[in-house]
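Shared between the two complexes below is subunit A, which pairs with subunit B and subunit C, respectively.
Coming up: the complex of A and B.
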């Protein structure tokens, strides 16, 4: 009998049914997760879980999930359990992101909105939450305007501004590697603001920009830009890409042998990108926003171990930390002020210092009062082909304080207007 | 006589559902802005269907005029006059002017060539919005503005803070646009468009100036898509280069096909299904796109005339 079952031919209909059943399981399973607790405090994450930024968005979500688990273990927020509701905004469609923000606020009545890897979405969702009077912590959208010209009373940001990243790198590059720079910049707002940041520093120090190439987003062939850069004969070639663009650009720079003749550097670099590079292309000087290998900083080991458990044994990246720190920030301030009132919490977060078990950085990490920007440490270093362990792809040379590299509040263009 | 009666019942049901939507939407797990989004997408899809379903011309670049409306409204409110209606007016005019000029260049093309050229022109506007950082905000989108309360002198409507008021504001424009489109389709001009759809060569032999008719149909279609675009920008308080991109055009075509492009209300049903399905399924799984794709495949396989096509077939039987 049993042989019959095994050997029975599987018909087309059966395959289709099985497919539908597996599909239905995907849709129905999250309902089980939703049934936690009685009157939970809801935290909504509106982030990029599909498309170009899917990996980054999911890593932020994972960090946030870990924080929610820990918060619930320690008694929740105001004694109530915490649930995380995640909404996919896609990577490019800001209309959907706005829609999901409305959904979280109006239907699910969340107390906090966490968003988004995509800067445009962070700006648009900031408008929605400010109108609705809901707390909003931006995890990973770097554009300056979020805590600059478009800042709001209820919006706080964990990740750095692009200007903080360029300021932290520029002095080192200028002093150590030379004063003639060539930029290879992705042609959209993120790349442009990074380049402007470096140009401002270059002007201050008295260096020269020997040229710049704008590359369209999603470029796969960088050869013409690399040839131009070579011809300009700079001291440093600066790559300002992210994600797959960064991977393609660096691979080709190595194939051209540029790393032997010029110094390669840039601003923001992420572990996700270095992981995608072959060992010989892990080159150049960069800034990381958080790094997992900090042997002398307390609590980092525990965090790394906890994420490894959730992440198939892989180490956390800066994105995990963004989600983790953002979620904990809200729990800490709400428990300190004993309320969920957005206005009280926003006032309370001005100047708020993260405790070491959340900050996971050597220096004092706090939200600046004037623009609601977190002042973390930045990790300047260089990529390495092979580290002490396979995941150790970055060597930190110097840790700088965010407050030393951030432009003063008066230069950010932020004027916070509190609701009447 | 019976068909006529059924048609009135259908219209009555649709209008009463639309009119009462904000009252019951939260009971079924929805929320008012979702209803507003359905209306706006439906307007865009119905406008596209004016060209696709009633003239038989496929455009894959309607997002361009949708986005021009959105940016026109946003830029006006942000930089020129903080007035919602003025913004909508400018957005609409920008969309119409662009459509009129581009229409003249492309009406001689048919079929796949027409579709390709509309994509090309659409992408031109997309890249302008994407690259012109100082004005449009580039990839970051146009933010830092919001729709303003409507001041009628004797009466003020706060569409900014009251989501329901904004829903009815959108419904008002939706109703006007739909009425105009329906009236045009019933006129001799509308009948001529149907004739072109059914057999273009025969219509040409009858002495109908085909190109001029297609151009008019294209212009009418783009006008209402631009209007939908201005409303979309007001809904989000944001304009985004993605609004102009070819995949947004593809979404409009999908909505029209899902609902049934041979029926007047088909795109409304299609848009409602598309928006609601996307909203619900994407909360449950990040593989939601597979489900929408699967749904689309099933509809195309089993009811090629869209969901409304099934009902109509039943009636005929």
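Coming up: the complex of A and C.
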């Protein structure tokens, strides 16, 4: 009899150890470095390349890569080539994100840090970059505090605040679909501030919050929350998730028939999520932060064509635009001011207007001086099962100006302190 | 409130049945081969992606039938080439191998199908609730329970009433004696591994109908399956089944009172079981 016939015993301890290890597997991952050779001007991206926000993080990275290609073709920054160094923060571990930010700043000596889909990470990285005196553009973390109570002199943000998103949607939902709302909210900074935004609007309009469920990030089974929501009998069920959580929640909401009994809506919706949903689950009213199908806006077609080349023929999403606009913003201001000095560039960006070929929106798009928040357009509309072409899954009903829905700087809680 | 709790108990049973399906596959492989299959979630994803690729050609039902079989065949090949040489060695070897395999499978599916979530559709009639009074009864969840029930019954009939099943059960208890009695243990292990992976593939097709199909679809589901095995008791397939159902119900009921703890509760439950009854609810004393 050969030796391999007999199993070595697997003890309970071993299975427990295995369980621990598999848990660790979900928070650790090999870091991604895309170095392009010699690095005169280094831009570091600390973003969510694995986990529930992997696709969103990767799309921001792709947008940034396209911008780097274009910048280099046009002579780089201060005549020097630009490279993008990318680090995976994972989707949920803020400690990893902070560690990667330190690495980019201290070891790689980047001039700019771009981050992050995850709001909690954006806040934490903002602290790190402010202390280090490095320019920081937040591409995709929406929580208000980034350009509100936790704002910094060196931190600018491309994507909208959660309050801008909820303000843009609230009136429509209240007037058209009813005054009793139920929230299903992801249990972290992004979800909390979105819910607070809607609650403030609800209070203003005299509506009622009939209930709310906080769901852990990465929830797979939403049934118990959906059961609670239907028991509360609201007019509107508001889903405040992003990424994979949004897909799982909507897919299951449709299977429970919630879309037949209540109006489904939310704040931010993304093409990535609508693409991942079966046609019958592409439902509800939402706000998009950028949309690829804008036939009358200059330069959009060229951007769509350029991303298609990098993205296996697929159209860009708002995430691509975030990465693209953030990277171009830095190159434009550095070339205009002829320096990489963070303080000079930060001062220069206050009130800075993006040129049409970077803004890719109908109205003036600029960084507000008081809180460093970009004031773009927002696209209010509804999801459609099938569009004019397969990727046209959102119908824009109305375009609003960011400056019209953003609370004034005095209400954001932002007081920028400049270093001596 | 009572109604809400009752709904969540029933719904928890439904989700628990799904966890149990995955855990049974893990348990089968662990019991006979002594391999803690970290790549089980990866095989689940492969089953789901195979189904996605097959649906345009053979429809949902055809894919449901074929995808788990293809996954099992792939599992058999991997067992033959990679896992078989590690039998008889310290379980750490198998653990490390399947750990690496999980990453390879995840990146492999990402390479082939892309990182984006794919729109996996189920037949229209399943995407509706079946009763206005019993809200938790949706077509898809009822279908899941029915399928899991059939799969579990067939599995237990195979294990208890067929020669193959008897050999697997005997091998679980004393593989050396089974070998001495003339059973080809290598083939037995391969078939058993394939059977375990078949269950993972089946769970994958079911999961894709409920969740977004993307490369990490199995990663989020594998931890509850490990917990189900430990709560139910190592070495006991009925225990694994009960473990799965228990954690499903615990998670569902907790979400009524304290949603943030709905995932943590299954680990608290595992801790309690380990403290009070370290071999698990149905585990045999002294065996593990």
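Here, the second predicted complex is superposed on the first by the 381 of 420 C-alpha atoms of A that agree within 3 Å, B and C clash if a C-alpha of one lies under 4 Å from a C-alpha of the other, contacts with A are read in each partner's own complex, and residues count from 1 in each chain.
Here, contacts are C-beta pairs under 8 Å (C-beta built on N, C-alpha and C of every residue); 3 or more make two chains touch, one makes a residue touch a chain.
Being a predicted model, the structure only gives us computed values, none of them experimental.
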| item | value |
| --- | --- |
| Partner chain in contact with A:231 - subunit B first, subunit C second, else both or neither | second |
| Contacts of A:187 with subunit B and subunit C, given as first, second, both or neither | both |
| First (subunit B), second (subunit C), both or neither touched by A:279 | second |
| Chain touching more of subunit A, residue-wise (subunit B, subunit C) | C |
| Touching partner for A:143 - first (subunit B), second (subunit C), both, neither | first |
| Partner chain in contact with A:244 - subunit B first, subunit C second, else both or neither | second |
| Common interface residues of subunit A - those touching subunit B in one complex and subunit C in the other | 23, 26, 50, 54, 58, 187 |
| Residues of subunit A that touch subunit C when the two form their complex | 1-12, 14-16, 18-19, 21-23, 25-26, 50-51, 54-55, 58, 187, 213-216, 218-221, 223-225, 227-228, 230-231, 244, 247-248, 251-252, 254-257, 272-273, 275-280, 312, 314 |
| In the complex with subunit A, residue positions of subunit C that touch it | 3-4, 7-8, 11-12, 14-15, 30, 32-34, 36, 38, 84-85, 87-92, 95, 99, 102, 114-122, 124, 126-129, 135-136, 138-141, 175-176, 179-180, 185, 210-214, 216, 219-223, 226-227, 229-230, 234, 251-252, 255-256, 259-260, 262-263, 274, 278-280, 288 |
| Residue numbers on subunit B that touch subunit A, as the complex places them | 26, 29-34, 37, 130-131, 133, 137-141, 143-144, 146, 160-161, 163, 232, 235-238, 240, 242-243, 245, 278-279, 281-291, 294 |
| Touch list for subunit A against partner subunit B, complex | 23, 26-28, 30, 49-50, 54, 58, 85-88, 92-96, 98-100, 102-103, 106-107, 119-120, 123-124, 126-128, 131, 143, 145, 149-150, 187-190, 192, 217 |
